[in-house]
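So, here come the structures, one by one.
Both complexes shown next keep subunit A, but they swap its partner, so subunit B is in the first and subunit C is in the second.
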Partner chain A sequence: MTDPVLRVEDLSIAYTVGAGTFRAVSGVSLDLHPGKVVGIVGETGCGKSTLAQAIPRLLPEPPASIGHGRIVFRGTDLVQVPKRKLPMIRGTGIGMIFQEPLNSLNPAYRVLDQISESIRIRHYRDMGYVRTFVGGEVPFDYSKRPTATVTGSLAKGIIPDGALEEAARDRLRTRSEFRNEVLEYLRLVRINDPETILRLFPHELSGGMRQRIMIAMALSERPSVLIADEPTSALDVTIQAQVLTLMKELIDEVNTAVLFISHDLGVIAETADEVGVMYAGRIVEQGPVAEVFHDPRHPYTKALLRAAPNRYKSDGPLSAMAGNVPNLAKLPDGCAFHPRCPLARPACRAVVPPLAPLAGTSPPPDISAHKSACFFPDEVPGLP
Partner chain B sequence: MGRNPSDLLIFIGKRLLQLVPVIIGVILLTFVFTHLDLTNVCSEWYTHAGAGTIANCKRTVDQPWTTQLSEYFVNLAHGNFGATQFGTPVGPSVAAYLPATLELVLAALFLMIVVGIPLGVVAAQYSGRWGDHLVRLFYLSGWATPTYLGAVIAAVFLAPFLGLPTRGDFSTATVPFPQYTHMSVVDALLAGNLPYTADAISHLILPAAVLAFINMGIATRMTRASMLEVLPLDYVRSARMKGLSEFWVLYKHALRNALITTTTVLGITAGGLLAGTVVVEEVFDWPGIGQYAYDAIGGGGSTPNFAGAIAVVIIFAIAVVAANLIADILYGVLDPRVDWR
Partner chain C sequence: MAGPPPSIPRRLLAGLGVLWRVLRSNPLSLFGFVLIVVIGVVALLVVVDPPLLVPYGPQQLTGAYLQGPSSKHWFGTDANSFDIYSNVMLALPLDLGIGVLVAGTALLAGGSLGLLAGFFDAPRTVGGAASVVILRVTDVFLSFPSLILALALTRVLGLGVGPTVLAIGLTWWPFYVRLVRGEVLAVKNLPYVVAARASGVSEWRILGRHVLRNILEPVVVYFTLDIGTVLVTYSTIGFVGVASKYPGPQPEWGAMLAFYQSSGAINAYPWEVLAPGAAIFVTVFAFSLLGDGLRDILDPRTRRAFVRSTTGHEPPSEVPAATLPSGTVPSVGVSPDRGATT
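On to the complex of A and B.
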């Protein structure tokens, strides 16, 4: 099993608003491996998006605060990174695709300018013109390259061995070179007429097109971790399918570690290798996607799967889960799901069940074992 | 879709066309006040030979008002604003005084933009914290200062402290040189005389700073408000996610969009400024249109100059309308969502 590129350990996030403290994420642990997709699924308000935005430290702090836990990215704990150094970790390490493609592009700039800005940031970091993040036990790969300066690269012209390649790499690139690279990325996201799209403003593009541009923008920084926060939720079903197919193809191509957040079980089932089911800020069940969905071992997962509309059966009404997501400011003692749980017993009201591996499962490499945060996982298959 | 420069011409042309009725309306109002409401029109308005003798005037006044109106328009179209009762034509004086005011207002506007807008960004960035409160204290104190008080304090206390002149646009020691534009700094530059340019700038600083300080609030407040509107938006988050530093996130991505509203308000303010420099010009003895207007209505014991006052009213109205037009065009240019056709 290889080392994860990003590891979230026991992460807890709370929002302090007015008098109340909302525990949006409590004790979440995750491993992201290159080329593997980890899906997070859960109801609205279960802390999925908070988790997604906390990883690149995008949450406004305050009101949000990271209580405890670590986010280890290539050996550096991102929780400890000071605010002013955050741009350095976001730029070329972690990319993100947001839920609302309609509002995620700046309305004042053309597509060309917005994508080439991302490429420029990566390029200048690569060349050492802009300082990269140094800190933690292992520095990022790109900071290992020799630091080049403008004067330094000019002086290299006289030095014979390998000087030409060095100079070519370090030279500040021209606008047309950036443009060509933008075109490459637009083609990568299967845009048919990139030359025209380049010159357009975001408001002149359709939702699916904008989401493609967002994906191109995120990929153009060559991130080693890509976080997709409900990338298809705001799109029409047909466009959703297109974007999803595109994402699946791209994930195979770029070999990035992906954290895929969605409330849609079908989307997660199609995209992810591993899934974490979130409820009230905790991961209640985790494991290989096929295993979790075919043999759920947490009553919440079971209920969630039962509530999902089934396109093959149309007899009878859709089943809905009784009760509501608990108020994050007043979480019930013990297991947060116990008020809605058919298996609830006194033990569930007293202690929070730990996320424990189930007996007799052997996961493929880089995928965590099937775990459930339920005291009675063996009784779950017997539920209706 | 898409925006072609040729469409911009159409866009501007349309806005210009919309101005025509406004300007005609202003002139009509002025006509009413000058010709229908007053008895001694001839002695005040047509004394100069350029518009005819008194006898000529009597003849025109006896004519139906439609004829008078058309004659009034014809005179204005020829740039003839009439003359003072001493026979000095008003037009050339206005042409000499107006650019000086324009220079003063542009300098004040420049200060409002380079100081007021960044202050608004800072206020939004530290919204609710002490940085915000300090900025608010600064612009509110400007807003709360009466113009005459601010101007006098600047002239009496600040000027000696900073060693800046307080009277006129040039030092008295300046040897007269040809003034092409009647903007002191521009003329000195055109004459290629750097010491004179420095002199002109030092004369410009205080009145422009007073004007800017008093009107800064509008720029800062608008920028702060629209920045607060823009900052929580998703594209600001995307910009942060790209790895841009906070400076570029604020000034390239957020401010670019927040400026759209600020520009509109600044344009309207600029029009008001052109018409509202009277007190500052009077205190600093700035040879601008405000001072001319003050003298024309008999301020400071001067002989009232009726034709001059009317001309100034028309010019002020046109200035306000023109500033609005410029703001409107800038809005269209800054916001790509505005269709030029």
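On to the complex of A and C.
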């Protein structure tokens, strides 16, 4: 059991819109370990993307505000960093990949300039030109940060030993040195003929290509945590498969911790080691991905799995879940799922069930035990 | 392309080459550019060395009364025997200068305010409060038709060229606040801005490199078209007779039009009115064409498309799938979707 690179503890986020306040994320806890992928799955509006953007403190505050909880990254609680100091902690180890490959790249710049911007920032930081954040329980020493290391068989041959290390740490790099590093990252994301791609504008690239560039950009910060917010949702199925394969290989090679957000159960099953199922801002079930998907212990997970179209069976209508996602501004009392739940009882309407570990589970190292936020987890397998 | 990156002069030359190809691909905007350059050079020559292009003084009696265009008097003469061509030419630097100065100042002042109001508009912050103030003041100015407001201001500021320019300038900037703010709002929450922020790019650098660069195209195009509008507005105010006096030591197109039109002899001596009118038309037209050309150049999408269509040269982007090394993940073949995607 290693220490997590990033730990989210009991995080709650609320939006204030007009006079109303609604909680988009309530009491979410997560541990991210190097080389492990934590998937978050849920319907639209369940707080997935809010969670993804809150971790690197990218949410616009206001209207969003972090009510309570901690986001501990390398000994610093990111929640406590004052707003004006946020730029100092960005680009220091949390990389992001976004959903829309069309809009995630600046249309005015060539691929070279897109990727070299983040490399430049990292370089200037290494050179001490950018002020870094000092504070938190453990003073944040940027020079001693643990950088992600490139290992694995695929990295051999693609990136020569030490090529990703700066040629010299004591002088400013030249344009061609930046360019060479950009080329390394393009090769890392398996782009053929990177010399050519370097000179193209985003609109000249296909969706899958853009997403590769986006991944290269995120990796060029050398993040120890990578947050992928629906990275494949906008791609068609074949490209999606390619990008997913690439991401899986890169996660092994680069050994980062990954938070993978998706609404697609198949994608999560394919990619993640651990999964958290979100409903109305809460994680309702969490655990090793195989266990959660094969033996769900929360009625919502069960319903979600049942609603996923099965590609082998075409008899009968598609099953849709009864009811709607609740309005976050007026959540029902007790368990947010109880109006749609076949197991609902008076207790469910009164008290919010805690996310409790199930008896008799022994998770693999660095992965959360199977937990369910249901009072009657043992009755779930009996549901249709 | 494996060698060292090209040196700065070579990059500049390459840039100029692209500029030339884009311009050549669209004859109209090329014509606009040439026209602007010619107008600019002529205006400069008139200021530096008037005798070179202007045969007579603004109020010089030529002895020829109400003559039509001839080789001696290109645009004819008027009832005072003044040479109309000389007066039109002498008015060029003033009118051009006013157009560029007023629109340029409005662009810088209104544009910066709009940029700040759009970018730092989070509620309950200093920037948010400032942006509310900026926008309400802008609304006050925008609620008046700018021509009426400018005319009213000239009553306060006084007659003459200087006060009129000031009056137009004071009414002109609010358009840019609205325009730029709107564009900033559309761009500032796009994923690439958030991505830049996530990778540690400072807010000011995001504003310049990611936001400003991507709103430049509509704003610059509007600016070039606007130079023509300023010119017309100034000429209108000149026409009403509060800006410049004509005939006088410093002629101005609007005032010339007003003067000759009021003489009531358009049918008999049409050249008197046609000459300054055509001067206004040609200048405004040139700036409109320039605006179109600039749009093509500033947008990488149209830029590439134009270069391709003129040179028949595909930017190198097709990667043959056969070059894939076996055993690796099949790379997404670069299949550029070049259609206008937005």
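What to note about this one:
Just so it is clear, the second predicted complex is superposed on the first by the 355 of 384 C-alpha atoms of A that agree within 3 Å, B and C clash if a C-alpha of one lies under 4 Å from a C-alpha of the other, contacts with A are read in each partner's own complex, and residues count from 1 in each chain.
One rule holds in what follows: a residue touches a chain if its C-beta (ideal position, glycine included) is under 8 Å from a C-beta of that chain, and two chains touch if they have at least 3 such contacts.
The structure presented is a predicted model; accordingly, all values stated were derived computationally and were not measured.
Three-chain overlay on subunit A, with subunit B and subunit C in a clash. In the superposition on chain A, contact of A:I121 is made with both subunit B and subunit C. By the touch criterion defined above, A:S65 reaches neither subunit B nor subunit C. By the document's definition of touching, neither partner reaches A:N255: not subunit B, not subunit C. In the superposition on chain A, contact is made by A:P107 with both subunit B and subunit C.
Of the two partner chains placed around the shared chain by superposition, neither subunit B nor subunit C is touched by A:Q80. In the superposition on chain A, A:N180 makes contact with neither subunit B nor subunit C. When the two complexes are overlaid on their common chain A, residue A:Q242 makes contact with subunit C while staying clear of subunit B. Partner contacting the larger number of subunit A residues, of subunit B and subunit C: C. Put simply, subunit A uses residues 56, 58, 87, 90-92, 95-96, 98, 100, 103-109, 117-118, 121, 125, 199-201, 203-204, 214, 217, 221 to touch subunit B in one complex and subunit C in the other. Across the complex, subunit A meets subunit C through its residues 53, 56, 58, 60, 62-63, 87, 90-92, 94-96, 98-100, 102-109, 117-118, 121-122, 125, 130, 175-176, 179, 190-193, 195-197, 199-201, 203-209, 212, 214, 217-218, 221, 239, 242, 245-246, 249. If you check the complex, the residues on subunit A that touch subunit B are 56, 58, 84, 87-92, 95-96, 98, 100, 103-109, 117-118, 121, 125, 199-201, 203-204, 214, 217, 221.
By the touch criterion given at the top, residues 1-2, 4-5, 122-124, 190-192, 194-203, 209-210, 213-214, 300-301, 304, 315-317, 319, 323-324, 328-338, 341 of subunit C touch subunit A in their complex. Against subunit A, in their complex, subunit B makes its touches with residues 1-2, 233-235, 237-246, 253, 256-257, 334-337.
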